[in-house]
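After this come two complexes, each holding subunit A, first together with subunit B and then together with subunit C.
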Partner chain A sequence: MSTTTSTPHLAGSAPPAVRRGFRIPEEIGVIVALVAMMAIIGFARPRFLNPINLFSLLGNTTFLGMLAIGMVFLLAIREIDLSVGWMFNFSAVFAALLMVAGIDPWLAAFTGVLFGAGLGLVNGLIAITLRLPAIIVTLGTYSMFQGLSLIANKGRAIVPSDQSSSFFSVISTKLYGVVPVAALVFIVLALAMHVVLHRTRFGYRVQAVGSNPEAAAHAGIPTAWVRLQTLVLMGAICGLSGVMYVGFRGAIDPNEGSDFVLVVIAAVIIGGTPLSGGHGTIIGAVIGMMIIQVISSGLIFFGIDATWSTFVTGAVTVLAVSLDRLIKYQRTRRLERRRETFHG
Partner chain B sequence: MATCKTGSMLVLGAVALALGASSTHAEDVTVGFVAHAQGDPFVQQIQDGAQAAAKDFGLKLVVAQQAGGAPEGQMKLVQNFANSGAQGIATSVPGESMAKGLNEILGSGVPIVQFNLLSTKVEAPYVGEKSVESGRILGRMIVEKLGGEGAKGTVILGNCFPGFPVLENRAKGVEESLKKAPGLHVLGPFDVKVSAVDNYNRWEQLYGANPEAVALIGLCAPDVTSLGKLNAANGDKFVAGGYDLTELNLKAIKEGHAYVTIGQSAFVQGYLPIALLANAIKGGKKLEPGFYNAGSQIVTADKVDMGNGLKPISFDEAQKLAADPVATAAYYKPWTETLTADTLSAAPKPISAESE
Partner chain C sequence: MSGDTMISVRGLAKRYGGVVALEDMNLRVERGTIHAVVGENGAGKSTLMKVLAGVVRPDSGAIELGGQTIALDGPNAARQHGIGMVYQELSLFPERSVLANLFVNREPVHNGLISKREMEARSKSLLQQLGLHVDVYAPVSRLSIGERQLVELARVLLEQPRLLILDEPNSALNQRETERLFTVLKGLREAGITMLYVSHRLEEVFSICDRVTITRNGRDVLTKDRAELTIPEVIEGMIGQQREALFPPALPPAPSAMRRRLTVKGLAGGRLSDISFTAQSGEIVGLAGLEGSGVSDLLDMLFGLRRARAGDVQFPDGSGLPRSATEAARRSVCLVPADRRRNGLMLDKSILFNISNIVVGARGWGSPWFSPKTALGRAMRQIEALRIKGQPYALANALSGGNQQKVVIGKWLEIGPQVFLLDDPTRGVDIGAKREIYGLIREMSSHGGIVLFSSTELPELIGLCDRILVIYQGRLAGEVSGADMNSQTVLHLTNTGEMPGAGRQRQKSHGGKA
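Then we have the complex of A and B:
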C-alpha cells in the first residue's frame, strides 16, 4: 500500500506544474457580467455598441483604471492607500507646473512620475517606520498631499500654455480616429503589471506577505521592504496616471482626484481581489472599472434620471458582483465534486 | 442553477429599465443636462428651471449628476450623452480640464451651453451670474451693515470650493468692496467645504479661533444656513452674509441670524441654457460663445429684489418660491415669455463680461 502526499499551493509561491491546456480564467464571472450588461444595453440601444462609444468608454476607464492596477498590489498585500487621488493630483500639478516653467513636457512628465513615486515613498517610510497600516498613514497624507497641491496650484487650474509639444499630441491622439493612445498605454500597463504580479519574484512576495505576513517573514521574505516597494509602485502609477491626464486633457484642476479613491477600491473588489489579501487580479480590476463605466454610460443611454441613477448604479453593481461570486462558487463546488469522485 | 437565476434577474432588470425608459420617448429632441453637487438644494433649483424649459419647449430632458465637483467625472457624463445621440447638452463646467473634451464634442456638431460654473476656454455660451459683481454687491451690503467706510474689525471669508473660478471671482469682488472700509481686517478665504456638516464645523472652528470677528461671509449655498446657526448659538454677535436662496438660507435670514443672501437666479440658470439649445436645435442655428447674465438677487429680511425685471415680492413669498418649483415657474412666466426666437438668437455679450 502506498500513500500519496499532495502539497497545497501556497500563496506567493510559484504555481505548481500543471497539465497544459485551456483553463477558464478566474475572472470569468466579471467578464460574463460585463459582456451581459453590454449585450443588454446594446440590444435595447444599438448605438451603445458603436465603436466610437466603446473606445470612448475604454478611454474613460484609463486614468482611474491605472490607479486600480496599483491598488490590486496593495489589497493583495493587505493594505489600502487612501491618498491615491491626491497623489494623482499632486503629481499632475507638479508636472504641469514644470511645463508652465518651460521644461520640456516629456521631461516634466517623467519627473512627475518620479514625484509620484516619491509621494508613495513618503507613505511607505511612515508606514514602515511607525509600523502602521497604510490605511492609517494615508488617512493623514490624503490631506497633506491635497493641501500641498493646493498651495502649489494656488487654488487654480494649471494649464500649460504651450501645448505644441508632441507630448500633448501623442497622449491625446486617437488612432484611426477612435482608439485613444492613453487607453493603449493603460492596456500595456495592465498586461505588464499582470505579469509582474503573477510571474515575478516581487509579485509572489506581495501575495505571500498578504496571505500570511508572519509565515512570509519566517520564510525570509523582507516584508517591510516588500510593503515599501508596493507603496512606491502605487505612487509611481499615480504619477503616471496624473501626467497622462495632463497630456490628455491639457490641464489639471485643483479638485481633480478628490473622488477617485472609492471608485478605485470598488473596481478592484468588483474585479475579484479580496480585501483579505494574499491574492489579486489585475485583469479583474480592469474589468471591474469597465463595469463601473458601462453602468454609468448605460444609465444615460436608457435615459434614467439622475435621481434614480445612484440607486441603479449600486443595484447593478451588486448584481454584477453576485453573478461573479455565484460563478466562482459553482466552479469550486464542481472542483470539489471531481476531487470527491477521484478519491472515492 | 443559481447562476442562471441571477443572470435572468440581470437581464430582466435591464430590460425593465429599458422598457421603463422607452415609455418616456414622447419628444423628438433629447437634451442632456449635467450638473455637479447632486443633492444640493441650489443645484436642484437650477435643475427645476431646466425641467420647466424642457416642458415649455417640448424637449425630452435627461439629467445626470455627480456627487462632488470633480471635472473628470462630469466630463464622462457629458461624453456619454454625446455618444448616446443627445442633440444638445447643457453642463456646468467645474474645471479647465473639461475644456478640451467639450470643444471636441462641439467640433463634432453637438451644441453645448455652460451654466453656473464656467471655463472661458470652452467655445460655447455661458449662462450665469456676473461673479465679481455679485461679490461686490455682497461686500457692499456687509460694509453698509457694519457702518459704512468707517467700519472696523475682523471679517472672515470662506470658500467651499477653493479653485472654482466663479467662487474665486466672488471672493475678489467681496474683498474689493471690503477694502472701501480700511478699518476692516479680512481673514481668508478659508476652505469651508460644501457638505452641510463639514461646512458648519469649519465655520464653528473659524469663529472659535476669531471670536472678535464682526462679520462672517460665505461664497456658497450652505454658508448662510451654517452661519445663521452659529450666530444663533452665540447670541447673534456678528453679521452673516452669503449666497443663494435656498429654503434654509431664507429661514436663517427671516429669524434674524443672517443678514443677507445673494441669489444668482437659479431658475434662469437652468431655464435659459435649455431655451438656447431648443432654439438652436429646432432652428438649425449655431450657438455663439458668449455670456448671458442670469442676474443677481438681493435678499434681506426687509427687502427682496429678484432681478430680471420681475415684480417685487415679500419675504414670505420668496420663501414659498424656494420650496415650490411649480410656483417658481409661474412667477418667472413674465420673464420666460420674453424669450422669443429673436431674443434667443441675439448675439450674447463677450465672455469677459462675466468677470467685469
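Then we have the complex of A and C:
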C-alpha cells in the first residue's frame, strides 16, 4: 500500500530524507464498496438517494455504530467483548429507571454512562485479576448483565413518563429537518476516537499490546492497566449509546441489544480491523456498519423480505474476511520473497 | 584428502528479482566426510542447502551425484537420491507422539492399520544410538528443545540418506546435548554417511568437520582441510576484508559519566538461591551458565518480570528491585531479551512504532499524545546512530536479525538507561552486526551504564567482559577475571560448577583426612 522505497542504503552513507509519499488510506476499499452499493441501489430505486432517507439511515447506524467504535479498540488489543449488547441494554434500563424515578433526564443520562463504564470495569477487573481473555469473562457477564437488567425492568419496556425535558427533544431533533443530532454525536465520537487510537499514548499502548503482548510487557508497557482501560472505555461507550437510545426512542425494550454483538463485530471486521490484533480502523468500522445498514434497507427498497437481511449481513462478513485474507496472503508472499533474497 | 566425490556442485546461480542469492557457487564433497559450509547471513549457504534439498530450483549450474548429473526438481527427488535435510527450524507436530513424528507420511501399515509395534521396532535402535531415552508415545511438546532436535534428526536418519544436510542442528542444544550430537555424527561418519554441516559457531565447526568451505556473496571463497585453517582465517574469509578486531577495545570513560553501583545480596527466587555480587558503571560484567542454570531468571528478576523470594538489591537510584517491568523501565533499567522475535519486537509494526515502545508506551509522564512526527525523529536518530539498514516505516519483520536487534537496543537507548541487562544480545546475528553490537555495549559502559551481559558464546564473554560471573544450577559458582578469564576455566565452571583444580584439591584434603 505504501509507496515508500525500501531499498536499504549502505551503512555509513547518509540516510536519504524519508518521505512517506502519498499513502492510499486503508479504508479506501470499504468506502468504494459502500459508494458502489449505494450507486447500484440508487440507480435501480432513485428514491433511495433521497437525503432524508440517507440521513435516517445514518441515524439507524448510530447506536450500533458507537458500539463498533469501542469494539475496534478491543480487537486492536487482541480481545473481544461479547457483553456489549447487554451493557447497552442495562445502562439504558438503568438511566430510564432513574428518569421514571423523577431524576433530571440529563443527570440520569450522565449517570447511565458512568454505569456503563462501571459494567466495563467489572469485566476488566475480572479479566486482569484472573488473567483471562475478555472473550471468556464477557461470555459470563453477558448473561449476568442480561439477567440483572431483566430483574430491574421486570420484563417490561421502561418508558419515562415525563418526556418534556430538553434531553428528549435535543437527542431526537433533526437539524435542518434532515440531520439527526444522534448521528452527529456518533460522527463526533468516531472522529475523537480515531484521534485517540492513533495519536495518544493510550491508543499507542492498545496497538502495542495487541501486536505482541509479550514484547509489550518486556518493554515495560503496563499491559494489565491498558486492558482495563480498554474494557472500561467499551463499557462507557455502551452506556452512552444506551442513554442516547432512550432519548431517541423515549423507551427501552427488555430485549433491545440482544442481537447486537455479532453485528458489531461483523461491522468492525468488514471495516478492515484484523482479528489478530495490533491494528484497528475506526473509520473502517463506521463504514462497515453503514454497509450493513445499506444492505438491510436496500433489500427493503427492492421489495425483498427483510428476513433476508441477516443472511446477507453474514454473507458480506464472510466476503470481507476472505478479501482481507487474500490481500494479506499476497502481502506476506511478497514479504517472504524479499526476506529470502536478503538472507538466502 | 583425496577421496572420491560424493556430490559436486558447479556454477550454481540463483536470483530473486534483482537480488543475487547465489552467484557462482561451487562445492565438492568427498564421500564419508563431514564438510562444513560457513558464511555470514546472506552469503548464500542456506540457499545452497535448499537447492540440494530440492526446495529451491537454481537458475543455472549443475549438480552431480556420484559422477552423474541429476535434476533436483522437488524435495521428493532429493529424497530419492538419498539426500536428507535436517532443518534449523523444527518441523515437528507438537501434539503428536514421537513415533508418529518419526514416521510422518510413511507409517508402516498392517491390514490397513498403522502398526505402532513395527514403528517402535524400527526406531528403537536408532533412538538408543542417539541417546534419546524418551517415552515414544508421549507428545513431542513434552520434550525439551534439545530432545526435539534429536527427534528431527532421527526422522531424517530413518530414511537412510547417503548425504545428510544439517542446517545449524545444534542452535537449540546445550553443551551436553551438543557433545552427544557430535558423537552421533562421528558415528554416522564411521558408517559411511557424508554430511554437509552449516553453522555459525566456528569452534564447533572446527571440532567436528573434516573440510571447510567459506562462502561470501553467493560464491565459494575457499575450501580447505580443517587442519590447514585457523578461526581468524575463516572469519577473515567470511567478512572478506582486512580483519578488524572483532572486539573493540575498551573506551575511556566519558568525562560526564557518573559512577554508579548495583549491589545484589543473597538474592533468591525461581531457580536461583543466594546470589550476591556488585556491578559498577564503567565495567562490563559477564554472566555465563548453561541453559536452565538461571542466568535468564536473574536478569528477569532484576527487571521486575519475576518475583524474588529473598535478597537485598540496591539499584543506582537507591531503590530495591522493581516490582514490575513498567517500574523498571521508568527507573531507567533496560532488558534486551534473548528471544528477540517473541519478547523484543512488534513484528507487524514499523521501526518507528517499535522505537517509541519505551518513551511512549512504558513511561507515564510527558505528553499524553503520540506524535508521529516526534516518533519519526526518534526513529531517524536511532537508524543513523546504530546504522540500522531500514526505513522508519519498514516493518520490523522485514529486517535481518542484526537490524532487528539494533531496533530493540535503539528503543531503550532513547531513554538513556542506567542499568543494561543484556540477555544473549547477539543470538542469531551475523558477524558484521555482532561487531557493531559489541561496540554499542562498550559505549553503554563508557557512558556510565552498568552492563550485565549474558551470552551463550564464550569467546564474546571473554573478549568483551571485565569479569565473568558463572551461575551453575541456580547458585553463583564463581567469578573469573584477569588472567583466569580463558575459555578453559569458564567452560569448566559452567559445566561442573567448580573451579578447575578444585576437584583435585578436595580429593587431596579428603586423602589427608583419611
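The working rule: the second predicted complex is superposed on the first by the 282 of 344 C-alpha atoms of A that agree within 3 Å, B and C clash if a C-alpha of one lies under 4 Å from a C-alpha of the other, contacts with A are read in each partner's own complex, and residues count from 1 in each chain.
One rule holds in what follows: a residue touches a chain if its C-beta (ideal position, glycine included) is under 8 Å from a C-beta of that chain, and two chains touch if they have at least 3 such contacts.
Quick caveat, the model's predicted, so the values are computed rather than measured.
Student: May I ask you to decide whether A:44 touches subunit B, subunit C, both, or neither, giving the answer as first, second, both or neither?
Tutor: first
Student: Per the contact definition in the header, classify A:200: touching subunit B only (first), subunit C only (second), both, or neither.
Tutor: second
Student: Classify the contacts of A:222 with the two partner chains as first (subunit B alone), second (subunit C alone), both, or neither.
Tutor: second
Student: Given the touch rule stated above, what does A:278 touch, subunit B (first), subunit C (second), both, or neither?
Tutor: second
Student: Looking at the overlay, does A:334 come into contact with subunit B only (first), subunit C only (second), both, or neither?
Tutor: A:334 sits against neither subunit B nor subunit C.
Student: Where does A:212 make contact in the superposed view: on subunit B (first), on subunit C (second), on both, or on neither?
Tutor: second
Student: Touch test for A:249: subunit B only (first), subunit C only (second), both, or neither?
Tutor: first
Student: Looking at subunit A, does subunit C or subunit B touch more of its residues?
Tutor: B
Student: Looking at A:323 after the superposition, I want to know if it touches subunit B, subunit C, both of them or none. Which is it: first, second, both, neither?
Tutor: In the superposed model, A:323 contacts subunit B only, not subunit C.
Student: Along subunit C, where are the residues that touch subunit A in the complex?
Tutor: So the residues of subunit C touching subunit A come out as 14, 16-17, 19, 21-22, 41-42, 44, 46-47, 50, 305, 324-330, 335, 337, 342-349, 353, 356-358, 360-362, 364, 367-372, 376, 380, 383-384, 387, 389-395, 397-398, 400, 411.
Student: In their shared complex, at which residues does subunit A touch subunit C?
Tutor: 2, 4-6, 8-9, 11-12, 15, 18, 20, 198-205, 207-208, 211-212, 214-222, 278-279, 335, 337-344
Student: Would you tell me which residues of subunit B are touching subunit A in their complex?
Tutor: For subunit B paired with subunit A, touching residues are 2-3, 6-7, 9-11, 13-15, 17-18, 20-22, 24-25, 30, 32, 35, 38, 47, 60, 62-73, 75-77, 79-81, 83-85, 94-101, 121, 161-165, 168, 191.
Student: Can you name the residues of subunit A that touch subunit B in the complex?
Tutor: 32-33, 36-37, 40-41, 44-45, 47-48, 50, 52-53, 56, 60, 63, 150, 153, 155-157, 159, 172, 245, 248-260, 293, 296-307, 309-310, 312, 315-316, 319-320, 322-323, 326-327, 329-330
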